[in-house]
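Both complexes shown next keep chain A, but they swap its partner, so chain B is in the first and chain C is in the second.
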Partner chain A sequence: MKRLLGVALGILTAIGGFVDIGDLVTNAVVGSRFGLSLVWVVVVGVIGICLFAQMSGRVAAVSGRATFEIIRERLGPRAGLANLAASFLINLLTLTAEVGGVALALQLASSVEPTLWVPVAAFAVWLVIWRVKFSVMENVTGLLGLTLIVFAVAVFLLHPDWAELAGQAMAPSVPAGETGGAYWYYAVALFGAAMTPYEVFFFSSGAVEEKWTRKDISQSRLNVVIGFPLGGILSISIAACAAIVLMPRGIEVTTLSQVVQPVVEAGGKLALAFVLVGVVAATFGAALETTLSSGYTLAQFFGWSWGKFRRPAQAARFHIAMIVCLLIGLGILATGVDPILVTEYSVVFSAVALPLTYIPILIVANDKQYMGRDVNGRLTNAFGMIYLVIIVVAAVAAIPLMIVTGAGA
Partner chain B sequence: MTELDPAPEYHGQVLDAELNLLDRQVLDVDEVPVTVVDDLELSDVPWGEPIPPGTPAPVITALLSGPVLGTRIFGGRPPASRLHRIAWRHVADVGIVVRLGIRGGELDVTWVERWVRDHIIAHIPGGRHDPE
Partner chain C sequence: MKYRRPPAAQRMVAAAVLAALTGSVLSGCATMSGGATGDAARSVSDAASAAQSAALAFEQHLGERTTDAATGVTLDDMLDEVQTAATSVAELEVSTADEREVRQTAAATIRECSDSIVAAREQVSDPGVTSDAGALLHRLEAAADAASELGDELEERQ
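Here is the complex of A and B:
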């Protein structure tokens, strides 16, 4: 019974934990401009994150080594440092976007200026990291994030033309008025949002935090292959809501209130309440994950003592690094930059950094010294290779597409 | 350049310094991360002069950490006084991590950790307590 409960909890937190500000905004923007014609990218991205999250979790469970230790060890100090610099900066951007997202969601709920909410949100993030146990933190934010299911409910309440939606999703084409460049730019952005590297840093380090062993592998696999796809359905629902309500009116999403507008039209105030709780929980949870990931990556590269299972005094540099990151994020937000804009850039840059993160995971998951009998099977490796090709193509294409399309304008 | 003699046969574990030591995580006797092996220090080999046959092979004297990482990446060499050493005799086991037989808390390589702990983290309320 306890085991069943554990599985259920894991799945629920995976659903709630999958969606962050990057997914919320990118899916709504894409939905409002391209309808459901980019749904296939979410599907490809979700399969990819399942594959690699599961792999990194398995490596952590069997060998006790988290992803960034492996990156340094396999790529050597130079390429490792390059990856650290890239991942760390993207992580910092994402962290900034998530804290800004919490503030924006709280603004919708309270009509108090987001600039006033930002320090409160950042302080709350720090307090949770400083004092709250890992499992409590993960379960509470994940479960509250589940209220985002209201997006899926809203799709039904809006009584859309199902045939048309299915047509957009099944036979994707670039809608009239949009260029092919913009279409592919947003394809890369959606892919980056689904496969953001911090997810595997967090997932593998979380496995070490919760002291997984070989016998936890099957449960983690179940969490991943059920939870993430259900999270992906949430993502698609967000896009669908935007496609149904915003696209016909020609509204382009630039604010968080536009992201939740379809839900409000479908379900009124009650739905708004749900969606606000969901957005706050999802962005707050992601702010925790990105802050921790910045500590994890630094500590694992340099070999510092890390982990929330230790007292802060026993992982001093790990904690000070996270405090500094939060302060930098606060500084960026204090300039008055639009968090939504930061989000849009962070997901595209994520796509650029993907290969440096996922290649070492694939290599080590095949290393017998680490994995013993739990090395990758042939099927996993075949999928891994296919995804490496996709990841490299997306990474190479990201920056040129950004320049050519003027960031999707 | 004369052919090198084949490596003598050993009956213990054979380690490749590059593969098994460099950039591996170092844990102390209590499983607490200490550092990553940033570089290795070998016993002196005369530099730039012919080595007479029969000279014993150099041995690893210490694991290095600290500023040496910067010079390993960008080139150059830090002065010997700035190297943080963990003497090889403290190494207890080499596997997917390097395990020490001593506590990391007293080593030179962890002085930054101790400084941050004693001067900042320990002063913030809750810093010395387990998370709840």
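Here is the complex of A and C:
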């Protein structure tokens, strides 16, 4: 019974923790401009993140070490540095976007300017990382993030034309007034949002924090294989809400306040309360994860003592690195830059960095020296190779598409 | 565990980096198309989108389906969007009489969007300001529709 509850909790937190500011914004933008014609990208992205998250979780469970630590050792310092540079910079950008997202959500609830909320959000992130147990932190933000299910409920309350929605999803096409370039630019952005690099580094480092062993592999696989696709359904619901309410009115999403408008249309103030709790939980949870991921990647590359399971005094450089990253994010937001713009760029640059993140994971997961009998099976490797091609194509296409389309304008 | 660096793995990572960089370099540069008319069309369309969003927020406010805080933030956000569009139009470099006329028409249309959002914002902040909130909503929707039509017209003309 206890094990069953553990599995259920893992799945629920995986669903609630799946969506972050990148998913919220990108799905709403895409839904408002392209309807559901890019749903296939979410499906491809969710399968990809399931594949690589369970791979990196297995590496951590079998070896007892985080994936990034092994990448540094297995591929050498130069390849490790390339991996670190790409992942760390994207992570920093994502961290900035998440903290900004918390501030924007709190602004919607209170009318208080986001610039005043940003330091509060950053301090709260630091405090939770400093004081709260890893499992408590994960479970609370994940469970509160479940309130985003209100997006899925809103889809039904809005009584959409199901045939039209299905038509958009099943026979994807570029809507009138949009260009093929913009369509593919947002396809890459959605893919980057679904496969953000910090997710796998956090997942594998989290496995070490929670002291996973071989016997935890099946439970973690269940969390990923059930929880992430259900989280993906939340992403699709966000796009569907925008497609139903905003697209027919010619509204293109540029702010977080527009992302919640369809939910308000469907369920009024109660739905607004749910969605605000969900957005704060999702962005705050992701801010915790990205801050921790910054510390993890730096500490694991340089060989510092790391982990929340250690007292801060025993992992001083790990904690200082996270504080510095938070301060950098704070500094970026203090310039007055729009967090939504930071989010839009972070998901595209995530796509650029994908090969540097995922190719090494695939290599390590196939190394018998580390994995023994738990190396990737043929089927996993076949999917891994297919995704390798998709990842490289997305990475190569991201910047040219950004330039050609004026960042999807 | 013994440290080793397999050349094949390194080559894979290097090839991926090279491929990404090559793709980026080969992409070259591109600018937004359509000249002054195209730029005006995009700015007017942005203003139309913002005005539509403001109208939706105001309608939800009138129906008491949302909070004053959320409505106020949405209207402020949309006002920022419209003002950005107005600035873009004001900074347009025009070289012909036609383009000058386009700029003037676009600026006037965007100004009406801006004015109606400001009026709605005042109504939300202080409900005593305007007596006929329904008329204000109608004005917002009309401004959004006019901007949308102009945006489409300019889009076709470029």
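By our rule, the second predicted complex is superposed on the first by the 409 of 409 C-alpha atoms of A that agree within 3 Å, B and C clash if a C-alpha of one lies under 4 Å from a C-alpha of the other, contacts with A are read in each partner's own complex, and residues count from 1 in each chain.
Definition applied: a contact is a pair of C-beta atoms (placed from the backbone, for glycine too) under 8 Å apart; a residue touches a chain by one contact, two chains touch by 3 or more.
No experiment lies behind these values; they were computed from the predicted model shown.
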Looking at the overlay, does A:Lys269 come into contact with chain B only (first), chain C only (second), both, or neither? second
Where does A:Leu81 make contact in the superposed view: on chain B (first), on chain C (second), on both, or on neither? first
If you stack the two complexes on chain A, which partner ends up touching A:Thr254: first (chain B), second (chain C), both, or neither? second
Taking the superposition on A as described, I'd like to know which of chain B and chain C A:Gln369 touches: first, second, both or neither. both
Going by the contact rule set out at the top, does A:Ser205 touch chain B (first), chain C (second), both, or neither? neither
According to the contact criterion defined above, which of chain B and chain C contacts more residues of chain A? C
Who does A:Thr26 touch here: chain B (first), chain C (second), both, or neither? neither
For A:Ser220 in the superposed arrangement: first (chain B), second (chain C), both or neither? neither
Counting only touches as set out at the top, which of chain B and chain C does A:Glu73 meet: first, second, both, neither? both
Residues on chain A lying within both footprints (that of chain B and that of chain C): 73, 76, 78, 369-370
Which of the residues in chain B end up touching chain A in this complex? 22-26, 32-36, 38, 65, 69, 72-73, 95-97, 112-114, 116-117, 120-122, 124, 126-132
Contact residues on chain C for chain A in the complex? 1, 3-5, 9-10, 12-13, 16-17, 19-20, 22-24, 26-32, 42, 46, 48-50, 52-53, 56-57, 60, 64-70, 72-74, 77-78, 81, 148, 155
Sites on chain A touched by chain C in the complex: 73-76, 78-79, 82-83, 107-111, 177, 245-246, 249-252, 254-255, 257-258, 260-261, 264-265, 268-269, 272, 352, 355-356, 359-360, 363, 369-370, 392, 395-397, 399-400, 403-404, 406, 409
Listed in rising order, the residues of chain A that touch chain B in the complex are 63, 65, 69, 72-73, 76-78, 80-81, 130-134, 136, 299, 301-306, 308-309, 311-314, 316-317, 319-320, 369-370
